[in-house]
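Below, chain A partners chain B and then partners chain C, in two separate complexes.
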Partner chain A sequence: MDHVITFHSTHHAIKAEKRLKTGNFKIELIPTPREISSECGFTILIKNSESQSLAIFLEEDNLLFDQIYKINENHGEKRYEEID
Partner chain B sequence: MKKLIDARGLSCPQPVVETMRALKEGGFEELEIIVDNEAAKENVSRFLKKSEVSISEILADGNIYHIISKIKKVVKSEDFDANEYPCPVPQKTGRTIFIAKDAIGSGSEELGQKLMKAFLFSLTEIDNKPVRIIFMNSGVKLCITGNDAVNNLKSLQEAGTDILVCGTCLDYFGISDKLEVGIVSNMYDIAEHLIGDEKVLKI
Partner chain C sequence: MIYLDNAATSFPKAPGVPEAVYDFLKNIGANSGRSSHSLARKASSIVFETREKLGQLFNVRDETRIIFTSNATEALNTTIMGLVKEGESVITSSMEHNSVIRPLRVLESANDVKLWKIKSDKFGNPDLKDFDQLLKKKPNHLIFTACSNVTGTIFPFEEMAEKAKKIGANVILDASQIAGFIPIDFEKSAFDVICFPGHKSLLGPTGTGVFILKEGVDFTPLKFGGTGSRSHLEHQPEFLPDKFESGTLNIAGIAGLNKALEFIEETGMDNIRFQKGNLTNQLIYGLQQFPDLEIFSPIDSKIQAGVISIVPHNMKLSQFTYELDRKEIAVRMGLQCAPLAHQTIGTFNYGGTIRITPGCFNSKEEIEITLELIADIMKK
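Let's turn to the complex of A and B:
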């Protein structure tokens, strides 16, 4: 399952990217998908991930984030589903 | 006596080779060579002229050309140099992106590098992909082992984008052996693309 994490600021995104890399997650800093927001911003894409372990890691490291989304792919179309 | 050479489907320089063989064998007064692309037509015509064979006519039917010659005298045997009959690679049309730095813009190097990686990622998502990306100076660092951009560049390459990486720059940074995507290019090829390509964008 792939996820993306959105942030309130690019600085938070950049900081989270550095930290998540040390946590053995397969991550990539990408532009925020248009389906989520039309504002310019960085989002972290994590492939093959569990939203639970992501949330735990982020909270343990006091990394501020906005929302975690699960990516549902249907016939090549991606849909982003908010995760609590 | 008429000789027919059907060189359709043969790739350069085969049509010229077949023509040369036929001329060496002789035994005919009329020669017709059929080719299916303009480069072959040009190359065969040029070879015939060099061999002092006059071309009576060239019939064109779409992309198919019939080159017809009458052989009036003993033809002089030409030495065949394949380099004189180059086969031009069909030109791709579309945008070439010239990336001369591993970051976009100035003001913050860190932000610039993130932006560049995000930009290359977004290229993999849009339909209208660039035909070619050329990397120079610190831009070549995006193509070496360990760089986050490599996977996206590989996707682009697989989808048909040519990736050219400046060899001098790789050498300068001491990373020639770490190239993971693209082919090593030189200033002449790069200059030709920058001047000659249809649309060039510098990032």
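Let's turn to the complex of A and C:
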């Protein structure tokens, strides 16, 4: 499953990018998808990830983020589901 | 050219600083915190890394509380104008630079702010008994310099901040002359805000400044605008650093500062202070040999940051400076943007002093040559 994480500020996005890389997540910085609202221009896409382990990693590392979304793909259409 | 005007801005800059500025302008050039393309990401990374390095150097737990400005003056103005409210009272020193005293004077006349100045001796040392007396008046703020830009006098700024904090005052420190020269542990300190430039002892480019906020310290910014965040809203974001960083940053300058911070970390502030201290002692010793030259700076290196103010009594300041200029020695004559300090040490009526400020990249030989040239000038 792919996920995206949104952030309040670029500073937090870059910080999370660096930390997630050390956690062996497959990540990419992408422009924030139009379907979801975001505070800053950057969003992190995490490929083949599991919602729970991602949330645990972010929490343990004290990384400030805005929202995690799970990407559900249906007939080529992406839907972003908020994760609590 | 022998450059001895480091209190105005350091020169040369740390190794690699000009190249880092050039590299940014030539190969990256994009804006930070806004777009998501690779050049914009590189620009954002530079800003991010520089903030992290500052956080390490000054021991700041949360780097988002480190705000970039264009200089220390902007940092001080933002903080002073934001933090001091109508009718409140402020203790300041008698050695302040105009970047502190001018905003305070504005608040005094426009917002009925009360201003109390700590007395100083003729070498710029604050009178700590007078300071204790003033604290009894329960001021709302202590806003003061860590070190005079005229005499190089280093204040016992940490103890003073602790005392002020004990009576509940906010403490704003102007660390312009010491940031990069004397270590500050921000988290352990009693400062609510510290302000400093990136281009003096931090050895970075001009056009860079910083203020750092303690957790819980908050006020209204001086400027509002585009931050690259919350762009769907017409209201300024409340989170840091965006709240205080409207408009495009001086990323080229920050790239240079990033490199400079790397140099300071590798070299160590203690080594920088030792090197500059030796040059300052050599300079002071040499200047003491001229009976017609008066030194207005403390000569004890424990309370001296390498800023030596002198007045020749056998010729005009302008004549003396002209002779030095002709011989390619760069010093600064006049009031150094600190009329209050000159009034305090008694040099205002001379039109100020000649200020000689070595940097960590000067050599013993350069100080020797300078002293020889001064000897020539004094003979005339």
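The rule is short, and it goes like this: the second predicted complex is superposed on the first by the 81 of 84 C-alpha atoms of A that agree within 3 Å, B and C clash if a C-alpha of one lies under 4 Å from a C-alpha of the other, contacts with A are read in each partner's own complex, and residues count from 1 in each chain.
Assume a contact is a pair of C-beta atoms (placed from the backbone, for glycine too) under 8 Å apart; a residue touches a chain by one contact, two chains touch by 3 or more.
Source: prediction; values computed, not measured.
Participant: State whether A:Phe65 touches chain B only (first), chain C only (second), both chains, or neither.
Facilitator: After superposition on chain A, A:Phe65 lies in contact with neither partner.
Participant: Now for A:His12: first (chain B), second (chain C), both, or neither, which partner does it touch?
Facilitator: The second partner, chain C, only.
Participant: By residue count, is chain A touched more by chain B or by chain C?
Facilitator: On the superposition, C touches more of the residues of chain A.
Participant: Mind working out whether A:Ser37 is in touch with chain B, chain C, both or neither, as first, second, both or neither?
Facilitator: second
Participant: Which partner does A:Leu29 reach: the first (chain B), the second (chain C), both, or neither?
Facilitator: Touch partners of A:Leu29: chain B and chain C.
Participant: Once the structures are superposed on A, label A:Tyr80 by its partner contacts, choosing first (chain B), second (chain C), both or neither.
Facilitator: Neither partner.
Participant: Where on chain A do chain B and chain C both make contact?
Facilitator: Of chain A, residues 10, 14, 29-31, 42 contact chain B in one complex and chain C in the other.
Participant: Please give the residue numbers of chain A that touch chain C in the complex, ascending.
Facilitator: Residue list for chain A touching chain C: 8-12, 14-15, 29-32, 37, 39-43.
Participant: Any idea which chain B residues touch chain A in the complex?
Facilitator: Chain B residues touching chain A: 110-111, 114, 117-118, 121-122, 148.
Participant: If you look only at chain C, which of its residues touch chain A in the complex?
Facilitator: So the residues of chain C touching chain A come out as 32-36, 40-41, 44-45, 47-48, 51, 63-64, 228-230, 232, 237, 239-242.
Participant: With touch defined as at the start, can you tell me which chain A residues reach chain B in the complex?
Facilitator: 10, 14, 28-31, 42
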